[in-house]
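The following blocks contain the structures, represented as structure tokens.
Next, two complexes with subunit A in common: one pairs it with subunit B, the other with subunit C.
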Partner chain A sequence: MVELILFYAFAALIIFSAVLLVTARNVFHGALYLASTLFGVAAIFALSGSFFLAGIQVLIYIGAVVVLLIFVINLTRQIAGSSAAQVNEAVVPALITSLLTITLIVLAVLKTDWATRIGKSVAQTEAMDNTAVIGTQLLTNFAIPFEVVSVLLLAALIGAIAIVSRDKEAGK
Partner chain B sequence: MITLAHYVILSAILFGIGIFGVLTRRNAIGILMSIELLFNAVNINMVAFSRFLTPDGAYGELFTIFIITVAAAESILGLAIILAIYRNRKVLNADEMNLMKW
Partner chain C sequence: MALLKELLYNSGKPLSEFSSWMHAIWAGWGMPGFLLDFIFQLVIVLAVTAVLVLNALWIIYYDRKISALMQIRKGPNRVGPFGLLQTLADTVKLLIKEDVNPKKIDILSFWIAPLIIFIPTFAVFLVLPFGNGLVPADLNIGILYIIAITGLSVIGILAAGWGSNNKYSLIGGMRSAAQIVSYEIPMVLVILAVVLMSGTMKMSGIVAAQSNRVWFVVPQFLGFIIFLIAGNAEVNRAPFDLPEAESELVAGFNTEYSAMKFAFFYLAEYTNLFLTSAVAATLFLGGWQGPFLPPIVWFFIKTYFVITILCWIRWTFPRIRVDQLMEFSWKYLLPLALLNLVVTAVILKF
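On to the complex of A and B.
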């Protein structure tokens, strides 16, 4: 019961701050609302027993991605700081599209008979800590994706430096 | 108790809000932030299905770790591109980046 109340509280936090994020007039405020949304998602992860992922979410998303976003917002302050119109003219079509998407998925979820599809797994309600399982899997079955993703991170790092670094010839 | 439907509906709502943000924001940084919302909606789905379908394998959690990594790389490169465009052309709104538009 406590779990359910916590779930609804964090779901409300997620949806509330996500709506504020997409409607914020100031991009800087939007970044702070994004941090709040991500914190709510981390709490949802913890509620479902993935404590490792909750930590990863806070460390990488809130600690790195949001800080990076705020850096870029501050670097582009002259334009980002102004409170000009932040939404384009496609608000009504976008609203229809997103509402249709939500309705479609929710209807499909409500019509599905989860109990027969999942079987006995549904009975397992205890949220267990599965950090050890994740660590074992990452170093045995998922060792190759693990290495590939590290190469991807290196490529992204080099690419970001190459894109942002000033051209010495152009600077003269 | 929290059922799988709770997680999936929460994720659907978050996904819809993210789609709305991607379609309506003018600021390129705002579009990137909305894309992060989409990633998080997918991650909630992954974790929930992993908990209910494969509680002893944690495959969904593993995929979520890879999604978070790729999302971090994506946002780094996106912000680098936005910064480069801003430095060269002083525009930040996605509808004004029309130099290559015919």
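On to the complex of A and C.
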């Protein structure tokens, strides 16, 4: 009962701030609404018993991604000061992409056999510590994707360093 | 008397007995159980918040007295005995002062910033073991929760800096965010080494892991030092007080704030100091454990020991430059913390 009320409260928070996020004319306000949306998602994770995911969601998405976003907005005062335009010439491709994404998500939700999946994962997490399950899975079944992601992040890191040092040389 | 002793030394058991006793009575009245749980949670939250606010007032006085000691002067000594009521008087003054809102602020960011900083600072204490069984909520992800929630305050600082529409505030906010993000990484790596040693992220588990052997400060001495340095940087205190460097930035991100909103920042700053010290005491100094005295007393003794070290550092070191600040974190603390983690993992494995 309490969980149901909390679920709907946080779901409402997510939708409300997501709508505010895309309609906000001020980019900085948009970033704050994004933080609130992501916080709602973390709360839903926590409600479903995935405390580790909830913690990581707050740590990575709010603590790192939104902070970097705000940092960039602060560095570019022109967009932050004036109100940004809601539509530009990319409106039609954006609409198509969003519609395709929505179709994909809806199909995935409808096709999933929720009862058995949730029952299985609950049984699994109750047998072990939630964090331990994720750790074991990452280093056994998902070892290759895990390593691929690490290489991707490393490449991004080196790329950023390369771009910055090239600008430095050009400046001199 | 026996009950009082049990309550002080082994708080978990009598408290859960009281809870089930109340539940029985409550069920007798025909009321739903979750309502009572909710009331209990509300009482716990209010009690912890009250203790923390009073404690923050006391730490402000303590910090001022230590600074006076370092600078051979008397410090607050007029209001109340030994000036003990000085911070209380300051708080009342801040409460009744006019709330000044500059003309060109961004209303949403300016108003929400003190809350984004204030609420997470207090929410973090949810998982901290104050005594034996005295944990508001002993989450499995305890220490991860602390790291995640403390990270939220960066957004508040950035919002305060940007919303004030003042170049000093903006620079202060940016400096603070860069500083906290940079020093969070070595801090997390050090905490990871502690988690490796204790085999759990639960705060009570980390305390329990230190019960039968030496406290983690001995095997993790390097980690303890890195934690103190990074923790000091995260609470923006000298020598890392660049975000509010008064000689160059007026007061940094809280320049435009006054009255109650300023009090929020001030209380959050000192509660953060208490938090860093309490986490250091829990992770490295064995938490609430100690002989003779009740656990909660030991918890406060150890926490205040760390606070004293941090105050000592604050009042004796000069402020460092921005480039030195970044260099210190990325070129010295981060490699050392990584080395500490790898060495810990290798030693634990073999």
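The definition used in the following text is that the second predicted complex is superposed on the first by the 116 of 172 C-alpha atoms of A that agree within 3 Å, B and C clash if a C-alpha of one lies under 4 Å from a C-alpha of the other, contacts with A are read in each partner's own complex, and residues count from 1 in each chain.
The rule is short, and it goes like this: contacts are C-beta pairs under 8 Å (C-beta built on N, C-alpha and C of every residue); 3 or more make two chains touch, one makes a residue touch a chain.
Just so you know, these numbers come straight off a predicted model, no measurement behind them.
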item	value
Subunit B versus subunit C as contact partner of A:A64, first or second or both or neither	both
Subunit B versus subunit C, judged by how many residues of subunit A each one touches	B
First, second, both or neither for A:T76, with subunit B first and subunit C second	first
Partner chain in contact with A:F51 - subunit B first, subunit C second, else both or neither	second
Subunit B versus subunit C as contact partner of A:L95, first or second or both or neither	first
Which of subunit B and subunit C A:L38 touches, first, second, both or neither	first
Touched partner set for A:F7, first subunit B, second subunit C, both or neither	first
Those residues of subunit A which subunit B touches in one complex and subunit C touches in the other	52, 56, 64, 73, 80, 130
Footprint of subunit A on subunit C - complex, ascending	34, 38, 106, 108-109, 112, 139-141, 144-145, 147-149, 151-152, 154-155, 158-159, 161-162, 170, 173-174, 177-178, 181, 184, 201
Subunit A - residues contacting subunit C, complex	1-2, 26, 28-29, 32, 35, 51-52, 54-56, 58-59, 62-64, 66-67, 70-71, 73-74, 80, 129-131
Subunit A residues touching subunit B - in the complex, by the definition given at the top	3-4, 7, 11, 14-15, 18-19, 21-22, 27, 30-31, 34, 37-38, 41, 44-45, 47-50, 52-53, 56-57, 60-61, 64-65, 68-69, 72-73, 75-76, 79-80, 85-88, 90-91, 93-95, 97-99, 101-102, 105-106, 109-110, 112, 114, 118, 121-122, 124-125, 127-128, 130, 133-134, 137-138, 142, 145, 149, 152-153, 155-157, 159-160, 163-164
In the complex, subunit B residues that touch subunit A	1-10, 12-21, 23-27, 29-30, 32-34, 36-37, 40, 43-44, 47-48, 50-59, 61-62, 64-66, 68-77, 79-84, 86, 90-93, 95
